[in-house]
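When the chains are written out, they are named A, B, C and D in that same order, and each has its own residue count from 1.
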C-alpha cells in the first residue's frame, strides 16, 4: 500500500511532537513536510524542535527541513509531485491556523485540524469518529478546490466529555450537564504554563476554555440534517456549565461531571449504556481506534491521571465514581489524555476515518 | 489578665502543630497540657512532634512532656490546681476523638473540637463564629458537669463554602448548590498523602469528605429554635452536591461552586451581599477574627492557593470569578486555608467566641 | 521450555509490584508464590496490593493468595511438589529480609535479593551482571543445603554509579570519586515519602544511603581471588564520598559525579571507554539485558529523569555533561531508573544470569 | 530623616517584584521610578507587573507609571528635581543591564546591581556586606561623574556558598571546594522554567551558572590591595568545582558542599568558626542585616528549602549536616533564599551599606 503523503503544521509544539511520533510510524500516512513558525523555518526538525517527550524524536524526521505553515513552503521544498501532501495535520494556535488552514484547503489539501478557529463554522465538521462520523457529510458544503477541505477535532477537554455523554444522551436524553475540570499543564503547550504558576498551586482559569467546553458538545452530539448535496447540523439541546482549572499534572484532564437526564435512570442503566458503547469503528480497521473507547473503573478513587491516561495508547476515556448527585441526578469522574485522545491521537484517528471513507486518498 | 489554661489534644499532628503555634502566643489562652497518641506519650513535645512548619516550634512548648489524650493525663502531669485546663482543643482523628472528647467534657472541661465525630450530634453546636454564633445555645442541651461541653468546628472544606453561602442564603435563598473541590495535601494530616500518590497526579476521591460537605452546611445555615433552656437546630433546606479531589498543593482548598437561588438575582446583588458581610464579630475584639471574612478578587484567574491562602493570617475566605452558570444560575470560585481558617484558626476563633460569651472563663 | 517456579517476597511493595509485572510475563520464570507482611497474608494479591503502577496488575497474579515471607508459607499453600519455588526474589525491607532470606536459603532455594542486609557479607556476591559476574563464585563459600544460596543486587543509587565507573576504573584507575544524588520518591517505597515533605521542597538526607553508596562500589569493582572451591573479594581501592538528596521526582535517580583518576586522561578517552563498554552479556541471551548498558547523551542539559529513565525498558544508565572538574579532574551526570535498573529489573537480570550459569535450574 | 529617592530597574520581574515589596516599606529608601522593558512602558505598575508573590503589590507603587530602563525615562517622567533617583537598583537581565547600568552611572547615580554583567570587572566591587565591605574602595577606580558608580551583588547561588566559606577560609584556609546545587525555579525569573520541564523532573544544567559559581567566590574572598586612591582585588587562591541543577522547588537554593582545607581541622573548629561569625555589621544598624548571618541546624535532615528559606526574613544562610568527606575532608549542606538573600534582599543590604558609608546620600 502506498502511504498518503501528509504535512504536519505546528510540528515543533507539544501537540506537533506527538503527531510527529505517531505519524513517523503510521501504516497509512507518510509525513513529507513539517511546517512551523518563522523561528524554526529552515532548520532541520531535529534542531528546531525542543523535544519534550520521553520517546525519542523519530530519526526519519530529524533531518527534514522545517518550512512555513503555508502550502508554498511545501512547494518551495521541491517535493516530488506525487509527494505533495494530500492531507495536512494542523496543530497550530488559533491565530496562525486561520489563514494557514484556509490556504491549504484552497490548495486542494484536506486539513485535519486540532485548532479551535474553524470548529464552530457551520460548514465545518467537528468530529469524534466514534460519535458523529456522519457529520463529515458537511464537507459537501465547503467550496474548496477538489481534494481540499477542513475537518476539525474538538478541544482537549471536550472530547472526553462528549464521549462519556454520547451513549447516555442517546439512551436517556441529557438536559443539563455541569463539568469541573482539573487540566494538565501540557494542554497549554510548550513552554506554556510557567512553573512558578503551578508548583504548590492550582489556577481556576484557562482562557477561552469554558466557552469551548460549553458549546462544542452540543454540535458534536447534534444530528446531521440533509443529504449528500447539502445539509447542516442541528445542535443537541443540552445546557452545559463548565469551570476549568489548571493543576500540577503533566498529562491527562480529569473532569468531575454531573448531569440531569430527561427521565429517571438507574445506575445500572448508565453503566450498561457505557458498556454497550463500542464506537462502531470496528469494521473499518482504523489503526488508532481504541478497542474500548470507554472504560469504567470500579475502584473508589479512579480514574487518576497518572494511572489511567495511557490506557489503549492514550485513546480510551476512563470513567469512574458514578454516584447520585443531590442536585442534578447523577455524577461521575472522567479522564482522558489531553495530547493523545484530546489532540494528536484524536486528529490521527479522524484522518484515518477520512481515509477509510475515501475523503482523502 | 489571667490567661485561660488550655489543653491541645492531638498536638503533634498537622493541625495540632498549627494550634501549638497560635496558642503559644495567644493573649487569652495558655497551653498547659499537650496530649497525643501513645507513641508520643512521655516525650518532650520538641522531640515528639515531627515539626512540618516553617515557623519554629514554640520554645515555651518544646519542653512540655506530652501526655495521653484523656484528662487523667493532665491530672497525672501534676499541674497545679488552678492550671488544670478549662478548655481543650481537639485535633484528634475521629476514632480517638469519640472517647477522649466525652471524657474531657465529663471532666468539666469545654471541648472545642476540629474532629468530625460529634459535629452532627443534635445537641452539639457546629459553629462558624461569623455565621451562627447563636447555635452555642445548644450547649444547654448537653448534660455534662458544670464547665463541661462540646462545641465543634466544621470540616475544612465546609467552612469556606458555608461562609460564601451565608450572605447569599440570607438575601436570596439558596435552593441548590454544586461544589467541586481541589483540596490541599495538608488536609490529610501528616504523613497523610504519599508523594507517589500525588506527584504528577490528582485524585478524585477523599474518604468521607463528600458526605461532610453535603451535610454540614445545612446545619450551620440552619436556625436555632428554642430558648436558653432548650432548643434545636432547624436545618436549612438547600441541596448540596459535592465532588472532592486531592491535588498537589500544600495548603489551601480551592472550590468551584455553582448555585441556584430561590429568585432571580443579579451579579451586582451577589457582590453587594458579599461586600456587606462583616461577620458581626467586630464588637467582641476576638484576636483571631479577620477584618474582612470574605474578600472578592476581581482578577480573572483568582483566587489561587499560593497567592491567596495567607490573606488575613489565613482567616479570610477569598472569592472570585462570579459568572453566570447555564445550569444553575451563578457560579464562582472560593479558596480558604484548610489548616488555618479550616482547622486550627477556626477552632481558636470559636474558642475566643466561647470565652467572650462567658462559656469558658 | 519449562519455566522455573519463583517466589516474590515483599510482593505488595513498590519494588515488589515492579517484580510482579516483569515476572508475570517472563519467558524463563513463573511466579508461583507471593509473600508479604502479615497485613496482606491470606488475601488475594489483587486485593492486598495497593497498586501504584500505570500498567495494570497482572491478571494471572491477581487471584494468587498472598502468604508469609517464609518458605513455610509456600509449603502451606499446598503448591504441587514440582512447583515449589527454586528461586526467591526478595524485595523485603532490611529487618524482614534478614531472617526470611536465611530461611529460604536453608530451604534449598536461591535467593536473589534487593535488600541491603546481606550485601556486604563476605560470602555473599554483590553483583551487577555486566560488571562482576565472576563474583558469583563466592556462592561456593556459602554452606546452605543443595540449591540454596543468597546473591544480592546493589542499592538503587549504587548501580548507576558502579556501571559508569567500571570502564573508567578498568582503563584509567579511579582513586577518588565524589557523588551528589537527586533521588526519586519511589526509592523510599510506598507510602514512603509524605507529600508534605517533598512538595515545593528537597531533603538533603536519606537514612543509610550515603554509607551504602560509599561502600558498595568498592566491593562490586573488586576482584574475586580464589578458585571454584573458595575465595574472596579484594575490594577496589577507591575513595567515595556521597551526599544524598530526595527530590520531587517519581522515578529516576540523577547523580552528579566527579572523579580523580590515577593518570591524566582526556575527554575522548573517557567517552571511548564508555562507548566500548557492552557489558559482555551478549552471548547469554538474557531477556532483560539492555543492548547498550551505558548511553552517553550529547545535549547540554541531559540526562533528565523524565526524558531518560525509560531508556531500554529502564535498564540502561544514561550519561551526560562530561566536563573538566577544577578539583578532581572530570565530572559528569548520570541517571538510572531506581526501581527498574536499580531494583526490580536489576534483580531479574541477576536471576537470569544465575539461570544461564546453571546456578538455578 | 529624608529618604533617598531610588529607581528599580527590571521592576516587573521576579526579583524586581521582591525589590518593590521591600523598598515600598524601607525606612531609608523611597522608590520614585520604576523601569522595565518596552512591553511595560507607559503602563501603571499595578497593570504592568504580572504579580507572583503572596504579599500584595504595594498600593503606593501600583499607580506609578513604568518607564524605560534608562535615566532618560526618569527625566521624562518629570520627577521633581530633588526626587531624581540617586540610587538605582538593577534587576535587569545581562543583555539589558550592560547599557542601562552604564547610562545610570554616567548620569551620576549609584547603581546597585543584581545583574551578572559587571560583576567581574576589575574596577567593580562584588560585595556581600558581611564578608568584604572593604571592596567598596574599588569605586575610586571608576571614572563616572560625581555620585555615579556601579557596585554588584553576587549570583544567587554564590552568596550562600561565599558566606559559608568566609569564616572557614579566614581560619583554616580553603584550598578546594566542590559544590553541587539544587536550585529553585524562581532563580530563572518569570515566566522562566516551563512547568513541563520541571514537574516530575530535575534538570542537570543551568546556563552560565557553573562558571559564575566557580569564579565569583575567589573575588569575594579576595583582599583589597591599595589605598583610597587606587587599588585592586587579589583573588583568593581556592579551586571551586560546581555542578548546578534545577529542581521543583519555588524558592531556596540547596547546596551540597565539600572542601579541603590547608590544614587538618576538627568538626568543632568548623562549627566554632561559623558560630563566631557575626558579619560585623552590628554597629551600622542596617535595616536588612540579619541578626545571625549563618545558622547551623543540628537536625540530621536539614536545611530544607521549605522549612528554612524564610529564616531572618530570608537573609540568613542555613547550614547543616557537617560530616567527614572521604575525598576532600569535610562536607556539609547549605541553603539560602535565592530571591531574598540571593538577589533582592542582598542588593538592598548592599545599598544600605553604601548609604551607611556615605557613598550615596
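Definition applied: a contact is a pair of C-beta atoms (placed from the backbone, for glycine too) under 8 Å apart; a residue touches a chain by one contact, two chains touch by 3 or more.
All figures in this text were calculated on a predicted structure; none of them were measured in a lab.
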Field: More contacts between chains, C-D or B-C
entry: C-D
- prompt: If every chain is reduced to the average of its C-alpha atoms, which one ends up farthest from chain C?
  reply: B
Statement: Cα centre of chain C to Cα centre of chain D, whole Å, reads 43
- prompt: Measuring from the mean C-alpha position of chain B to the mean C-alpha position of chain D, what distance in angstrom results?
  reply: 41
- prompt: Using CA atom averages as chain centres, what separation in Å is found between chain B and chain C?
  reply: 47
Task: Would you mind listing the residues of chain D that make contact with two or more other chains?
output: 52, 199-200, 248-250, 306-307
Message: Considering only the defined contacts, which chain D positions touch chain A in the complex?
response: 14, 52, 185-186, 190-200, 248-250
- line: So, in the complex, the side of chain C touching chain A is made of residues 52-54, 199-200, 306-310
Field: Touching residues (chain side chain D, partner chain C) in the complex
entry: 176-178, 180, 182, 200-205, 214, 239-241, 243, 245, 247-250, 254, 256, 258, 260, 300-307, 320-321, 325-328, 331, 333
